[in-house]
Structure formats: structure tokens, C-alpha cells
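To start, the structure under review is shown below, and the notes come after it.
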Amino acid sequence: MTEAGRAYSYFPGCTLATTAVDYDVSGRAVAAALGLELNEVPDWNCCGAAFPLSADNVMSFIAPARVLIAAERSGHDLATLCAVCFHVLKRSDAYLRTHSEAAERLNAFITEGDYTGRTRVRHLLGVVRDDVGWEAVKQRVAAPLTGLAAAPYYGCLLLRPQEEMEFDQAERPRVLQDLLRALGATPVEFPRQAECCGSTLVVSAPGANRRLSTAVVDSARLAGAAMIVTACPLCKYNLDQAQAGRPSPEQLPVAYFTQVMAAAFGLLEVAGPAFAVEAST
Amino acid sequence: MSAAGSTTALVVGAGIGGITAALDIANSGFPVVLVEREPSIGGHMAQLSETFPTLDCSQCIMTPRTVEVGHHDLVRLHTYSEIESVRRSDSGGFVVGIRRRAAYVDWDKCTGCGVCQEKCPFKVESAFERGIGPRKVIYTLSPQAVPNKPVLDAEHCRYLQSKWDMQAGRIPSVDKQGQPASPKCGACAKLCPTGALNWDQQDTLVEEEVGAVILATGYDLLPASRLPEYGGGELKDVVDGLAFERLLAASGPTAGKVLRPSDGAVPKHVVFVQCSGSRDPERGVPYCSKICCLYVAKQAMLYKHRVPDGEASVFYIDVRAGGKGYEEFVTRAQEEHHVRYLRGKVSRIYSQDGRLIVKGVDTLSHRAVEVQADLVVLATAIVPRVSTPAVAGLFGVAADGNGFLVSGDEEMAPVESGAEGVFLAGAALGPKDIPETVAQASGAAAKVLSLFLRRRMLETTAPAGEGMRAA
Amino acid sequence: MRVVLDPLALHGAFIREIEAISEQNLLACNQCGRCSAGCPLVEEMDLLPNQIIRPAQLGLDTVVDSTSPWLCAACLMCEARCPKGVDLPRIMDALRQIALRRGESRVVAGDVDPALLAGAPQMAIVGALRRGEK
Amino acid sequence: MKSRIGVFVCHCGHNIASSVDVPGLAETLRRHPDVAFAADYKYMCSDPGQQLIRQAIADHRLDGVVVAACSPAMHETTFRRTAEGAGVNPYRCECANIREQVSWVHQHDQPAATAKAGDIVRSIVERVRQDECLEPLTLALTRRCVVIGGGIAGMQAALDVAGAGYPVVLIERQSALGGRMAQLSGTYLTLEGGSERLAQMIAAIERHANIQVLTEAEVTACSGYVGNFQVEVRTGRPGGAEVTPFTLDAGAIVVATGWDPYDLSRLPEVGGGLLPDVVSTLDFERMLAPGGRLARPSDGVVPRQVVFIHCAGSRDPEHGVPYCSKTCCMVVAKQAMMFRQRVPEGQAYAFYIDLRTAGKGYEEYVRRSAEEHGVLYLRGKVSAVAAENGRLRVSGADTLSDLAVDILADLVVLATPMVPADGAVPLGQTLHISTDADGFFNEAHPKLRPVETLTAGVYLAGTCQGPRDIPETLAQASGAAAKVMQLFSHAEMTQSPTVAAVVEDLCAACATCVGTCPYGARSLHPVRAVAVVNPALCQGCGACVVACPNKACFVRNWRPTQVMAMLDQVGWSGDL
């Protein structure tokens, strides 16, 4: 792939622009380190934050459709870091591709242009795997994370539904493990790596939410992990909250995969607090 | 060949279906060519421990049949062989090309003494033992194998590999002193009392002309790796139904003791998961595999015989015990052996702290159920042999979307194929148990016999009824 | 605990509404329960996921009052493993829609814990409101 | 008389040799009286092993052979053929089982195993010393098949056997062929096409030159044995003009007597026999069949709400039959779909315990009934059906929703079990074949001999053996035909000559043996005052030998003197 070919429309989404800026900053830094050009989608809006599950409300697709249309104009693939945005955009795109009537109705409401289904929605982790490759990642590693037992946590929305997300094997995901190995770390398999963290129940059913996120953390700890690696700001929030109040030796740091990459690449200024110890030594 | 056509039958597949058909035909005085892909005959029935609903030892009831067919004057056995080509002969029969794979053993010289197998220093995972036990690189499938002649697995043979590497120049063919090096090992050849090892043996091709064909190519199990949510192929203590048969079989790797593959411990709680891949049009196969309900009840019962203080739990959707004595058999498993039946599917199986966590449900008590198990048996779906559609195609027989053979009329002519002179039997048509397979194989043999007896009559021009006493 | 099955209700407005919103065939479910086996939220639910479908198959609208749809996190585990391809999260969403149309909001922006509003990712708030607000 | 016996001890690879001192055993046997030769070999059954036997017979002029190896069930035929080829009478060649009975069960005690092997081999040597030279018995064979039952099973078997050129007599109790299938609307997959194909089958029977059809006929007696049965048949309607019974000679009999519907009045709690609008699946078939009328029996109104009840009488050891009737799940799915096609605005309900649709395409079929035809399956049994304002209140349960469920129905269809045809048990007694506790005929072995009975020459086809559907019945019927053809394909029948015989000088014609023999092989001579043996029927069981007060009976090559000589060897392991 030529350097010119490694340009992407980049959709940060609301969360990365506000409460998860560290994910955005580390993502941009490692992308740059790998020669990936991320062009922020101009005038972007919220993706909708929940994929519309009801068939009788086409209007809920307006938000994601606007983002897709904006990206289409750039002619590049649309890359995201937020797992929720990725899920909503990817599935909305899949839905509109297969429901041309709905797409036509939406186009009548959107003034900036028409949805034509030419944009490919990607997650940056998939871009790193497929367009950069693990060999190139390995070559970029400055400080291999040898001895780091990291639990790859996928959650739900990156993987499912597998046929629509086209991201990884939903029952046997590999991409985070492969990334961790490329960075010199040791991936730790744990049973709950693709189970729900509680998601938006943090708002509507906090008790249930806490039980789920605690179970994920404990499952990773039981498997011998020293850190949890995620690609979703909501997962990270929930897993962090589950451990709030625990004595710090019992806390498992939760890091974005981009922060782990930054640490291995020697970009310690964006690697986040989980790598603060390494940064200070 | 007479104008009436050949009265030799070809039977493809020497499981219990093929053996039954071959014996029915040969015992009526007609020659049979019996072709089997494996080194010896018997098919899956040779792997089974005991059979439902009578708990007869499978090996014991089948051995007389394998021996009879193996020694029958009218049966020409081609094992370790596959059908390579088929063309119609002038008389309306078939000329069939059969490729016999190189066994690297001259079976005419071999006495089946077993020394090679005993002395071979290399072990590999045995497909016959379903991964829970090893075999040697030169091997027979079982001590009761018919024919009791070994084959050599060239891919894993130290001698052949080093010999071929030398020939290809991948390793030096002279030693440090410059002397011609000889390939490593070769223990079998050195110890064989009859000099039967033949390192240069090649595949051989024979042609047989036959007048009718019975396809009885049998079944396989859906690979457990197709069920990643159950840890299939990854978790050692998640095994399939045939593997559990080997654990129960007196002739199996554990001599009939139920031991966990991972650590050899006696499992105290065994969970059986029915419909593992069956009745699952989304991710597995859409059909019901028919035999699992009964073999699971049997395996659970046999497990309780072996481990009386053990627990056996079965997840099911419907208990399909439609057959003579089958309902009563499952009832016995539940009432007398206290096998616990839970109505619901399992969603996930994973390993934690050395045990298996089975996440299931009981839709009757409305409870999600989490079971800690020591061993999980997946009743994986019955699928046709991968090669079945291709072999059938050679004979002009169609396979359905699932790969099973299609009868000309599934309801009214179940053993007849659409192709003239080609008949069908057994699980190659769809999942079925042993008695149904055996009855159907005899049914297919009847069609062949009807044809051949008519031909023989044309040849002798004497009606078969001649000499019959008047009413 | 006894019902008289009403042939009209079997294909009545309630069932038609669920099927229209979810685009799912309720009768495709054979009650194998795999959804419930894998659902991470059954501990909190008053009805198992498969029990959400069962009364609807009988034409009963009793499930509208269930807490289960509101506890569904749409993690899609059930959908991923359903042998019959029933998209249960869509049915859950349809039930939420029907309940919202019949009654009150379950999540109101003004009631959200301010600490949560300040610290939680935006999408958690937006997503929860989209599911639970009229 | 002195014998020259050869003893051949097999290592069976390591099977025997690992726990029995095989060379030592051969060495010891060499010193036994009348043993002229003894040798051991790795695998006696292999070609070199058999050659060794042949060579020794020639070199040492042997007249008897003992092969100490595996069970005679494995290789007796092999070795007898070898011996015969080298000039030794095959009945003076015996196998001593030192594998299954010794090495496999005494793997860890070589001295004891070797001693026991010695006992067994010497016993067999003693037996061979007194073995007679025998010839196999040959019996005449009547190449005609009697098929009892003119349903699809009987017709299929008849067509297959007749197609091979053998004459068949097809005996049907009713006035027409077709059996239960003639009452069906159609098969599962073609729904309404069944009657046409049945008609084709009947036409094929009727025009077949080798098939004689006897309708309104029944088998009243049967004597003889495989290859030579005498079947007594009586024709004519019960109560009508009786025709004198006549006898058919037949070599083989296929029993295909089919099934009867369960008596509805045994299900009063669900209105069986009490409420006119509670019918059986067979009744409902008639309503759905071409020419039938889909209407409530009570008032002729087309039913809209139809409730099917699975397992009505089956899987109920307390009140009905314990077994599963196997076909009902598919029958209900078929009927419910046909009903919905006729009455598109109708609704079908089905109460079930387990849906047992385990045949090719069946799972998909029953799912179609639910998904496309809206059949509502309710998991539970029905407790009661009661009349209410001209309709039927069905009170059942749905264990999946934990609800008791009531349905107001127009028609209730009971999926009742198949039961054996009336008269099956007495017919079984006539033919000397057994029935199980439910009245279905027993097969010879549930796994490997599903179409045979324990009476040689009598075979089973179809539902008389147990509930099954049409494809399975047809395949099995052809299977039974294969056994008949196999029997008929031989020029004559041979039988082992090791059967009972009578020492006439000792026989007092007391007839104890006649009453004892389980095979009907014994009788008193019509003229002379002695008991005689019908060797064709004798199975060599020895019951008569034990029973005879005068010690006048013996089984050939199992004479009491042989058995005593064999016993003398047991436990005598002095010189090992």
C-alpha cells in the first residue's frame, strides 16, 4: 500500500471529543507513528449512540447517515476509534445498503448530499491489522512490553453481529491478542473477554451494570492479567467505575489499545496513567 | 461378460451398512467388490463401546460380521482405497477405477503379527481414537482389525521422511565420513519377520467391472472446532460423542475407564450437550441428527455404571426417542440412573479454575443454569463424509444441500437412487441408527439381488422356480 | 395461572405490532432457551429472554409489564447464538417502544445522577435516553 | 480307534502370547495321547498359518485337527475349510478358545493362564479323538414365499421377491390390498399424492405374473421349517361361506401384518369415544383425503379451531402404552398444514411433550408448520376435553410459559398410538415367533438382525415389528425380501450335522424328548416304537439328552462319552 493510500476520514464522535480525549490523542499519535493520515470528518455530528433496532422509525438513521455522507465526499474509508460509533455507523451503513427505500427517504431529508453507500466503515484496530500489518507494527516497537500480562477485552459491539461488523470471529476474536503479541506483551485469555460490561445500563440500571463490569474485571484478574485492554470508552468507563473504591493494589488498570501501542512505540506522553510507572523509570 | 450384464456388485463403504449389504449379496452367490477408505472395515461401529437399547458390546456383535465379510470367498475387499473413476460398461454396468493408497507394507507377505506396530518408536494422535489416544506411525485401527494388516503413515514416518529428504537433497545423503547415509529409524522393516515393509510402494490402480452399486459411505461428525462458543477444538475436556465412546470402550485408550483427557482424573460431573450444531440453521446444520438423544442417554447411563457417585446432566430441546424400546430406555436413564435432563440449549462453555463452566438454561424451571463440569460431551451434528457428494457424483447420484445422498423418491423408494443400477444405504442418506441402517442396507441388497437373480435366470434360461413343489 | 387462548389475540394488534417493529417471526422460536442461557442480565430480569417470546406466541401481552426489556443491554449475545436467527434485541426494543407509547418515560434526562452526567461517556447518556425516553 | 491329531497353537500376535506360554503349550500337547503333531505360529488364520496346517496334515497323515486360538465364532469355518482342503473331515477339526476365554481375561497371571489354556486344549483334543466324520445335512428347498399382510410392507416385499423371479403368495385379511396407507390422505412430503402411488403399487402387484394375491384370507396354521413350511390358509369372510382350508408349501414367510388404531374409548378423559367431535388422526386423515369432507362429525360444520393432542395414549405406561408411536409428530404437522391450506382462516394448536421429528427433512418440515402455517405448539399434556355450548373446552398446560391453557375448539384430533394388528399374538404363536410386551413381533437382534426372527425362514416387515413411517417400512420390507432371496438363491439348504440322534436300542418311546424339545424336532415314529429326530428342526441344544431317562439321546460329536473325556482334562495340569 502506498503512503497516499493510507489516508482515512476520521470520526472521533462525541465521547472522544469530551470525556475520552486521551483515547483520541493516543489514537492520533499512534496513527501518525504508523504513517496513517487521519482527516477528521468536517462538521460531524453524533452518530446516534444506539443502533436503531426498530424497523418503524427510519428517521433514527438520519444521524449516522449524515456522518456517512460527509465521509463519502472525502473518498476515503471512514475510520473510528469508539466501538459504539463504529457499531452504529457500520450497521447503519449495512442497513441502508440493503434497504434502498429507507435510504431514499433519508436522502430527502438531508441537504448536504445523498447517501450512496460508497464509504467503507472501519475501526482503527482493523486498519492497523489489515492495512498496516503486524510486521510493520513490530518494526515500530521501541520498547517491547515484555512480561506485560494484558487481558484483551472486546465487549460486545465491536464483534456482534459478526456478519455485519465484519471485524473478527465473534466467538474466538484474535485481533487484540495479535496486537499485544506484536507489541511484545503476553495476551491473557479470560472467559468474559466478549461479554457485556453493562453498557448504557450505567444510566438506567446502575446495580446490574456494576455487577457485570465487576464480573469482567474479576474474570480478567482470575486469569492472571495485570491490565485490561479495550477499544471502547464506555467499556473503559464501566470497568474503571467497577473498581472505584478498591484499594489500588487490587485495581486492574484499563487502557485503550492505542495507549498500549503508544507505550510500546515510546510515545509515553500519550500512553496514559496505566503506563505512568514505566514512564517515570 | 454375458449379454445380461455383470452380476458382480460394488459396495462403497464398509461400515455396518456396507458390510450388511455385501454379506446379503455374497451369501446369495454373487461376487461383491467392497471398497473402504480406511485401512480396515467396520466404520464407526468399530469405535463404539456398547449399543442402545440393549447395551450389547458393539465390537462383540460386529466382529462376526467383519470376520465373515473379510474371509468370504465371494467378497473382494479393497481397503485403504477410494473410487477414482467410473464409466458405464457396454453391458450397462460400471467399470470402476479404484485407487489403493500406498501402505508401504506388502500385505501378501504380512502375517499381521503386530511386531512393527509394537516396536515403532513414534506416536501420533489417532483419528480413530478421536484425539484422546495415540497410535503408532505404522498402525492398524484396532486389534480386531479386518484385514489385520498395518499401514504406514508416511507423513509422520521418520524413515520415509529422511529418505525423501535425501532424495530431494534437503538433507545430505552422505555422512561425515563421506559414506552413503541411510535414513533414520526403519525399526519396523528391521524387525519384520517376513520382510513385508516396502519403502517404494506406490498407489495402485485397479479396475473392476460391476453390474450394480450400493453407496454406503456413512457419516462424520461436525468438527467441534465449528463450535467455538463451546470451546470446541480448544478445551481438552470438551469432547464429542465418538471420543466419549472411545473413553467408554473396553478396547479404547483408557481401557474403558472414564478419565478426563486433560489430567486423567475421573470426572465427577459430566454434562452432555445435545443438538451441538444440529437443528441450528443459522450456524450449524438445519436438520436433527436423530441418533444423539439415544446415544447420550446410553453414554450417561454407561458413565453412571463406571462412576456411580458421578453426576450426569443432559441439556436437550426435545428428547427424540422414537424407536423400539427407545422411550423406555431414556426413561430408564432418568428414573433408574438419575441422569438429570435440563430442557434448554447451552450458550457457552469455558474453563475456569480447572473446571468447565457450562452456561445453559432450563426452560421448564425458567432458570438460567450454570453448571460446573469436569467433562463436557458435545453431541455434535451428524454430517455426511466430506467426499460423499463427489463419489456419488461419479455414479450420477445427487447430494442434497447438506451433502447427503438423495433417493429417487425419498418416501416411496428410499434405497433407489436416480441412477440406474445404483442403490443407497445408511447414514450417507441422512442420520440414522444401526438397526435402521442395517434394514436399509438389506433393502438395497434386495434391489441388487432382484436384478442379479433375473440376470442369472436369463443366463441359465432356467426359471428360478424350477424344481419347486406344487402347491 | 390459567388462560383461555383467544384465537383473535394470537394474531392480534399486540402481536402484529411486535412483529412489525421488530421484523421478527415470533413463531420461529422453538423455546430452546439458548438466549437465556447466555444472557448476562438474567439475574436481574423478572422474565428470562425466552419467556419474553413465549407469552407473545400465545397472543398474550403480559410481557409489556416485564422489567426484562429495560434490562436488555443489547449486547447481542442472544442474537449471535440463536439457532433460529431470531433477533431478540429487536423484540426487546419493540416491547420498549410499545411500552413507551402506552406509558411514561423510563429514563428522563433531568433525573440522571449529576455525577454520572459529568463523568460518564456521552454515548451512555444519549444511548440510555434513546432507549428509555418517550 | 487310534487318532492322529495335530494341535496348532496360535500366538494371535501378542493377544495370546503375552499371557500364555504358547511354545510351551505346544510342547506339552505333543506328549498327549493320539497327538501326532503340535506346533505354534504367530497367526494361524493367516495364509502361512493355514499352509502350516495343510503341510502338517500331509506330512503326518493327520485325521484330526485342533486349533488353539480365538473363539470358534471367529474362525471355525476358516479352519474347517483348511482341514477339509487337506483331506481331514471338517467335523474332526475343532477350535480351542484360548483367547477370549483365557488370554483376554487372565492378562496378569501367565502360569495360571497357561495352565487353563492347557486344560482347554486337551479337552478339545479329547473331543476330537471321539469325533465322527460327518457330512453336512442337505434339505430340500421350496422356492416360494408367503407374505402375510397386503399393506405397503407386504406389497413391497412381494414385489422385490417376485421381481427376482420367485413365486409369491400374498395373503391379505381384508377384501382389498393397500392396508392402512389406503386410509391416508397422503404422505408427509406430497400431502395428497399418496393414493395415486399406492394405486400404482397395487396395480404392479396385480399384474405381476409371479404374485398370487389371496384376499379375505388368513393363515390358520403353520408347520415345517425353513425352506419347507406348510402354511394353512383359510379364505372367506367371517360368517360368510367358509372355504375349506388349504395348504401352501413355502420356503420363507414374510410377516407384514401392520398396525391397528388405538381404541379411542380408552381415552375418556379427553372425550375419546364420548364426544363426536373428538376424533383420531386416522379419522382426520379420512376427512382430509381426496373425496373426504372436512367437517365436524356432530353438525357438519367446517371446524376453525382444531386442537391436536400428541401422545394420546402413548408414552403413558400408567393408562395407555409405554412406547412412543414415532410417526405422530409428523402426522400432526402434516395434518395441521393440510387443515390450514383448506381453512386458511383456521387455527391449529398442538399439545406435545417432545417434538420427535428425527427423519430426513422432518425437522425442517415441522418448523415450517409452525413458522409458515402458524401451528401453535404447546408443550404439555391435555388433562380434559369437555363439551361446552356446542364446542369443546380443551384444558391443557404449556410448561414453557408455566400456564394452564384452555382452548375452545371446534374439533379435537387425538394422535393415538399404533398398536399391533388384531390377531398378531396368536399369529406369532402359529408361526413360532415371539412378540414383545406390547404385542409387536420381536426381531432376532435389535441391532444387527432387524428383519429376521429367531425362527429361521420367517422375516418381519413394517409396523408389525414396531411403529415406523412409510420410508422406513419400505426400506425394511425390501430388507426382508433380501433375506428371502438369499435363502432362495441356493440350490439346496445345508445344515450342520451336529444334531441330536437316538440310540434306538435304548429308546423306550416314552416321548419325554417330544415334550422337551423347544424346536418341535422330536416325534415318535409312526410305526416303530422309537423317538425320531427331524434334523432340519433340531438346533443341537441337547435338552433331549438331559431329559431322556434311558440315556438314549445324544448330539453328534457331543456324545456323553466325549463330554466326560473332556471333563477329565479340566484341572489336571500336572506336567506344566
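Think of it as A, B, C and D in the order they're written, each chain with its own count starting at 1.
The definition used in the following text is that a residue touches a chain if its C-beta (ideal position, glycine included) is under 8 Å from a C-beta of that chain, and two chains touch if they have at least 3 such contacts.
None of the values given here were measured: they were computed from a predicted structure.
**Q** When the C-alpha atoms of subunit A and subunit C are each averaged to a single point, how far apart are the two points in Å?
**A** 27
**Q** Using the average of all C-alpha atoms in each chain as its centre, how far is it in Å between subunit B and subunit C?
**A** A distance of 46 Å separates the two centres.
**Q** Can you compute the centre-to-centre distance for subunit C and subunit D, using the mean CA position of each chain? Integer Å is fine.
**A** 55
**Q** Could you check subunit D for residues that touch two or more other chains and list them?
**A** Each of 355, 400, 402 in subunit D touches at least two other chains.
**Q** Would you pick out the residues of subunit A that each touch at least 2 other chains?
**A** 171, in rising order.
**Q** Could you say which residues in subunit C touch two or more other chains, in rising order?
**A** In subunit C, residues 30-31, 43, 50-51, 77 touch at least two other chains, as defined above.
**Q** Considering only which chains touch which, how would you classify the arrangement: line, ring, star, complete or other?
**A** Per interface graph, the chains form some other shape.
**Q** Which pairs of chains touch each other in this structure?
**A** According to the stated criterion, the contacting chain pairs are A-B, A-C, B-C, B-D, C-D.
**Q** Please output the residues of subunit C touching subunit B within their complex, sorted ascending.
**A** Against subunit B, the touching part of subunit C is residues 30-39, 42-43, 47-48, 50-51, 77, 81-85.
**Q** Would you mind writing out the residues of subunit A in touch with subunit B in their complex?
**A** Against subunit B, the touching part of subunit A is residues 169, 171-172, 191, 219, 222.
**Q** Applying the document's contact rule, which stretches of subunit A touch subunit C when the two form their complex?
**A** Residue positions touching the partner: 13-15, 18-20, 46, 48-51, 53-56, 60, 82, 84-85, 156-157, 160-162, 170-171, 195-196, 198-205, 207-208, 211-212, 215, 233-234, 237.
**Q** Help me check something: in the complex, which residues belonging to subunit D touch subunit B?
**A** Residues 11, 13-15, 42-43, 46, 48-49, 73-75, 77-78, 140, 142-144, 160, 163-167, 187-190, 197, 201, 210, 246-249, 315, 322-327, 329, 354-364, 399-400, 402, 436, 440, 443, 445-451, 465-467, 470-472, 474-483, 485-486, 488-490 of subunit D touch subunit B in their complex.
**Q** Once bound in the complex, which stretches of subunit C touch subunit A?
**A** Those residues of subunit C that touch subunit A are 20-23, 40-41, 43-44, 70-71, 73-77, 79-80, 89-90, 92-94, 97, 106-107, 112, 116, 119-132.
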